[in-house]
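Shared between the two complexes below is chain A, which has chain B as its partner in the first and chain C in the second.
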Partner chain A sequence: MSLWVDKYRPRSLDELHYHPELSSRLRSLSASGDFPHILFYGPSGAGKKTRIMATLRELYGPGVEKLRIDQRVFVTPSNRKLDVNVVQSNYHIELTPSDVGMYDRVVIQDILKEIAQTQQVDLNAKQRFKVVIINEADALTRDAQAALRRTMEKYMNNMRLILCANSTSKIIAPIRSRCLLVRVAAPTDDEMTKVLQHVAKKERFGLPASASKSILASSQGNLRKALLVFEAMKMQKPDLTGDLEVAKPDWETYCAKIADSILQEQSAQKLLDVRGKIYELLSHCIPPTVVLKTISERIVDKVDDALKPQIVHWAAYYELRMRMGSKKIFHLEAYIAKVMTIYKQFNMIGYTDDYE
Partner chain B sequence: MTTFAPKATGQLAVDPKFQPWVEKYRPKTIDDVSSQEHTVAVLKKALSSTNLPHMLFYGPPGTGKTSTILALARQLYGPDLFRARVLELNASDERGISVVREKIKTFARETPRHVGKSSDGKIYPSPPYKLIILDEADSMTQDAQSALRRIMETYSKITRFCLVCNYVTRIIEPLASRCSKFRFKPLAQNSTQARIEMIAQNEGVQAEDGVLNLILQLAGGDLRKAITYLQTAQRLHGAIEPPTPIFALSIHEISGVVPDDLITYLLSVMGVDKDQGIDLTLGTGGFEGVRTAVKRVGREGWSAGQVLEQIHDALIPLPTIPALPKSLAAMAIAECDKGLCEGGDEELQLLECCLRIKDAMTKH
Partner chain C sequence: MPSSSSTKSSGKSSNTSKISTSNTSKSTSSSAPKRKLSSMTSFQPTLNFKTSPKLATTFSPSSSSSSSTSSRPSASSSSSSFKDEVDRKLMPPPPPGIKLKPSVSPQKGTIGDLKGKEKEIIIIDDEDEERNASYPYPDEVDTAQMWTDLYGPTHETELAPGKARIARVKNWIHESIYGYPFDIDPTPGTLNTDKIRKYKRILFLSGPAGVGKTTTVKLLCESLGVEMMEWGESVEEWSLGAGIDRESAISKFNSFISRNSFPSLSMSSQLTSAQSQNIKPRIILLTALPHLSHMPTREAFHASLLTFCQNFNKLSCPMVIVHSDAGSGGRAEESWMDRERGGREGSLEVLGREVRDGPWCQEIDFLSLAPTFLNKALMRVLQTAVPRALDRPSHATVKLIALSSNGDLRSAINTLQMLCSGRKEVKGRKRKAMGEDEEDQSESRKRGGGKGSRGGKGAKLDVNKDLRAVLDAVTRNEQSLNLFHALGRVFYNKRLDDPNMEDEDQELLDRIRKLPSDEPLPSHLQQFTRRKSLVQVESFIPTIPIDASSFALWLHQSFPNYCSDIEEVSAGLDELCSADIMRTDDDIWQSSSQAISYALHLSVRGLLISLPSPVPRRSQKVNKPHFFESYKLERDNTSALAHVAGYITRKGIVASNAFADGDVRDEGVWGGMIDKRVLAGDLVPMMVKLQGLSGRPILPSSAQTLCLPLYSSLNRNSMELTAKDDVDMDEEYEASIAENDGLDFFKQQQAWDDELDQKEEENDWLLDDDIDDFD
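Coming up: the complex of A and B.
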């Protein structure tokens, strides 16, 4: 039994539920025989990967779905061994170089050269080039991105790149100017409802409007999340009626609790208390950025309008520091201390303007 | 099968139909290089006297740096000698200190052979030195760059170096001072226009009026970007049956430019009217209004960097905004851009920037 997310994932461009213009554009590109490098970008859960796989199918036929997973070993110039998981078919290869952190350049150099210098041997293949899919392209280091530049032009006849990223801001300009940028926007609420109803119909049950509404509210344009929530909900309450409580992930409730306790009392003791809770979250592998964003969102909802911009300002400020520094907890804690100060000041003297 | 086609020099023969136009229309001689008159003039002198200094080319992407040096090398050596005399290394090759010590040094050390006549019957200057092109040199490590210093001097009789980079500041001073520097400026619109029109004509591109101009405007002096846009648009429109002329909307879509109405909406929640300047009645949505707008940007997948750039372009030139709010807004935009470059979270950064601009607008 696979999850609904996988079970009802569209396989071809015709089955896609939304962005019809985009689908037709991808179709005409793959039919033209002269396929560019593509950079797909958009928020998570919008359907980037689904569209990439559908495009590949359009290019090569159903053969691309025969996947195998290899573990490849790369050796850095300093003789360090790197293990990278690679998913490939006869026609394409998919990898996430950012898994190996700062050594991603080695992976990119090695694998692209290898693909680029070998030609397609399968005479039945529809295209003469292979496709390399690079996931999380925005997490690549600058060096790795620089390594892509000339390769993209030089080996165009044997290879095409498909990059998948959340945003183009972190992709260097030379790469952007070599790719066709394809934006995959998150589906609108109507489009999401249509997809949910489609799934419900396939599973042979009706979807009450109230249920779909609460799913949409909790998923915020992330279709993958919506489908997962939907399935969980169906498990809990098979008839999908009455008071539907969308089960929030534990960490989210936990973050909300932290936010509440920050607003309850502002003291050194409380800070220590909160620190323990944040450690708890971090040790469960919740990314620190997500923790900070969730907490600040909750706080912003609860404080006076005059304070909101400041809370956001400091959130942005400490989030940035967190990225640049190496010890995440310091910056999270500093943020919380700052919020406590502002909040207390505001409550005592009724005014605070603390930006610097 | 083309798979078994005979090898062209160094590269496999490609069906020209599928070749990227960027490669297809790379200038063959340095006379073909668009604008950059100054650089071309100097290089032509060097070509006739066959005496070349070490060179450092720098400038923004898509201004013809790599094209110029490749064309120059081709004119100097001709197709036969090109492979033996020119070593091209770019960031996709390993370029740590070990490579500089081994590969570059070995190549630099070899004495060039005497040459006979070229196979295509033309006479090339074939000067008695080799050329090492280090493309994207700004991504070389400091150590590797320092290792180059001595090599450049020791073998300067038989080897010339050409460093190509975007940011001259990333090249260490001792290397930069050994080279004669050539700055490639962003291309002026009229000189790129001729090139784009030539390509459009050669490829039989049908475009509506003003589309070519729009491409050039969006590319902002980056000729490669302009050519890529043109080719992509042609692919999209050529694949439809029957082929339609390219229209402006698809160019907008390809280039990832945020539509004007989204920018207008963002400006309005910050209390700015696109034409009239500050209009605080628009920004009554308060904090929530800004947050909803920023969330929408994220949900539709626009890149925060692009949005920021367009907010800047729409906001800063407005003549009716007084100096103080405008300066504060410019500061907010600049800091947000820095934050984005350093890898800050897009939503937080953009939200903070918008809130600051909104606040700035009330201060006049």
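Coming up: the complex of A and C.
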């Protein structure tokens, strides 16, 4: 069984449903013979990886779909072995160096050197260069990014890089300036509806407008999530009518409930209750920043307008501190305590002090 | 009389420390001959040097040790030529009259007793049998030996680990040797024993120290009539070899394996069946592993294990590896150290990927023992060790020892022995004081002072004090008590002129009263006005028994309980955050030591100013940080996530290749890697839902730990710290783990897709079987 997300994923640039200008730009780049390093960025579920794969197909033809998975072993200077999974075809190699944390520099250097020093063996290949796809480029350490920058200049002949990131803000300027920045924006509601209708048509059923509306509302421009929710909804209620319950990931429900209990009672005891749930979320690999963001979004939805800027201000404040500190739970909890404090204050005296 | 008890306890603690050192020295000295076995090729296993430390116990009634095959004379006569040579290198050979005793005897008494003890033992050794027979305390001689060695379990039912585990180990050993499980009757003829034996090459036993892994194996081997070859590497060999032997440590291991992987006389492969039945099957036991953090050694070790697995014939014998996992102390630094070392050595590091994932290897994980099991085992030891019920410590004492040992049976028995030997000492001395020798009398007179302080009140009181001292010294209660006090100092936030100050140290109060009064704060800082704190931070900070980062976690865990308002909690948490940010770098070893101490000051002082004064007393409890547990879970889940990512990628690649070949089925054609964040946040949670709805498996079973439990069912019982507790672990928690060994019920309802994994494994199996199935 395969998910709709995978099943109806466009495989070529022509099949893409939205951002037609971007598709035509990518097509002409592939045809020009002067393919640059590219940095794809945009929110999660907007279609970056889909566009990358489609571009590769445009570059090399269907041969890029003959894939294999390899486990590469790298040895750090301190003699530690790192296992890294790479997916590759004859024309490209894809890796996620940030998997190995602080050792990503070693992986980047070794792999890129290896790729760059081997010529394209396939004589029938359309391009002389190989493509290296680097996932989660914004999670690379500064060292690794610096290493990347050197190799980008050095091996331009044999190799092109395609970086994939959520935002450019965590990528160092030298890399940004060496890449063509391609922003893949999240699809608009209309575009998402179009895709959902397309899938519904292929699956041979009709999609009522109410259902598509509730899917869009819950997925917030994330097409992957929309399709997953859509499929779950279809399974729950095959006729897709009436009162639809949108299936959400469990952790979102958690965050919503945490937000509710924050607003429900502001006490040390409640904070301790909430702490248990937050630990649970963190131990299930939900990134702390996502937890903080989701909780504050929910709170902002529910509180008085006068409080909203405060909530957002403190969310930003504690998220920054969380990045600087090492124990995420301290900062998450401090944020929650702060929100409880200002909410309580607001309820008691009807206004709040200014920030700080 | 507080002074005398304090001196006694200090004497005791020095006693215990001495015992522990002599214990280690003894274990090394007993392992030294063992190791020699491995380095000398010409030695046959019947010459078992392991017995030598045990020889002194020849008149012990219960010397039912596993390896008492050779008696003293035979050993000494056979060790005439070059064994002595090697012995001398390793350690000075004991003079025959004294029989190893002097080196072991310091275990018994305090430093002052040392000389007298030696004397006494020499006398005993020179006495004739008659005298020994009339000896009132026959067991006293044995106190020089560890009870863990003497009174180890003699039957399967006495083993401490759970029955199911023992049965699994037993079945494995039986299968690996005879080719069918223990509890199944073989159907001769139809069964090809080698087919099973071929895949039962390595048994990997892991678990915390002292739960009886090695003992289980040894006992089972004995009961199944299996000969055991033990490999243990110790440290001295490195220093002794002076560089010559250095790189050969691993090659020694290799030759050990190749020498011993077959039963003796294996060179004559044309044995008649009658002969081969006479030969005891053999098993290789690995307890001390080579230095695995050294990369080349580890690789060589893995390689030799792999060859061991692959080279199988009818006569090969299986291997059991015993590995106690250490270092699960749960300090805050662990997260960092783990990253550096790649986690503590698990089965993967020890065995290597090929061996572990190969078909030859089975892992059995021992859990730490629940106090009830410990209690049972301790009572059994006590009954055999101390024949007279009067001499035994009370049940409550035994229970206390069981509780405080953290599931480590070995340390519990050692504690018990120490306790009991202390009691006997008193009696033995009384007997001594009757006097036979002039010297002895002078000895006893010298000891007169000590005796006087002990006597009079009777043995009962002695025991209680001894117990306290021994337990304090052995079980690290000291540390947790200090931690408990340190946390209390912060949480109670005592300030001058609090109500209920009667029980405070008047001296301290006076001293603080004498301090010059503070300048009044300007009006905009009025909110920070506090009375003088009784916590003198400068002198308090050094008394904190754990590192700054862990202490912050402890503070964080319980501090909201002591606040009355959310504002106070918020202020306090802000201070903790600021302290956390003090570590400017990710890894705290690189941030300067000043930063760490500033952070500690900031968290302590920050909390003191945020806490209400006086702190409301609602019988709040100090809880253990949830952080460690959560961190461990997170680490497990991260690796589960990596597995799921690999699974999805592999599946996608299969589909993608099929698509490229023109096979257009309705499979997903997505070959590529998936962002971990996306996987954890979107894909896995939704796929779990879809899987539940459709009833068709789309995720591997490793994903089941990634499901969040229901929101409401989350109230985990909080773990309270009491003054008696150990800092590192929680017994009840451990026990509860030991009891629910199974999977969560909710997760079993779903079907998981392990097809892909299984398929690969099956392939391996079938291929192997097909190719070299020669008999």
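Some observations on this one:
In this section, the second predicted complex is superposed on the first by the 355 of 356 C-alpha atoms of A that agree within 3 Å, B and C clash if a C-alpha of one lies under 4 Å from a C-alpha of the other, contacts with A are read in each partner's own complex, and residues count from 1 in each chain.
By definition in this document, a contact is a pair of C-beta atoms (placed from the backbone, for glycine too) under 8 Å apart; a residue touches a chain by one contact, two chains touch by 3 or more.
Not measured: the values here are computed from a predicted model.
Once chain A is used to superpose the two complexes, chain B occupies space next to chain C without a clash.
Of the two partner chains, chain C is the only one that A:V87 touches; chain B does not reach it. In the overlay built on the shared chain, the residue A:M324 is in contact with chain B and with chain C.
Look at A:P174: by the touch rule set out above, it reaches chain B but stays clear of chain C.
By the touch criterion defined above, A:L148 lies against chain B but remains apart from chain C after alignment on the C-alpha atoms of chain A.
When the two structures are aligned on the shared chain, A:G47 is found in touch with neither chain B nor chain C.
If you count the residues of chain A touched by chain B and by chain C, you find the higher number for C. By the touch criterion defined above, A:P97 lies against neither chain B nor chain C after alignment on the C-alpha atoms of chain A. Across the superposed structures, the minimum distance from chain B to chain C, using CA atoms, reads 11 Å.
Counting contacts by the rule stated earlier, residues 324 of chain A appear in both its interface with chain B and its interface with chain C. Chain B meets chain A in the complex at residues 1-3, 12, 14, 17-20, 22-23, 61-62, 90-94, 96, 98, 135-136, 139, 166, 222, 224-225, 228, 231-232, 235-236, 238-240, 253-256, 286-287, 291, 298-306, 339-340, 342-349, 351-352, 355-356, 358-359. Within the complex formed with chain B, the chain A residues making contact are 25, 28-29, 31-34, 36, 41-43, 46, 77, 109, 112-113, 119-120, 123, 128, 142-143, 146-151, 153-154, 156-158, 167-170, 173-174, 176-178, 180-181, 183-186, 220-221, 289, 293, 296, 300, 305, 308-309, 312-313, 315-317, 319-320, 323-324. For chain A in complex with chain C, the residues that touch the partner chain are 1-3, 5-7, 9, 11, 44-45, 49, 53, 62-63, 65-69, 75, 78-81, 85, 87, 94-96, 99, 101-102, 135-136, 222, 224-225, 228-229, 231-232, 235-236, 247, 249-251, 253-254, 257, 266-269, 271-273, 275-277, 279-287, 290, 318, 321, 324-327, 329-331, 333-334, 337-338, 340-341, 344.
Chain contact summary for the complex, chain C toward chain A: residues 295, 332, 339-342, 549, 552-553, 556, 560-561, 563-570, 573-574, 576-577, 580-581, 583-584, 586, 588, 626-627, 629-631, 633-634, 637-638, 641-642, 645-646, 649-650, 652-653, 655-657, 659-660, 666-673, 675-678, 680-683, 685-690, 693-694, 696, 698, 706-709, 711, 714-716.
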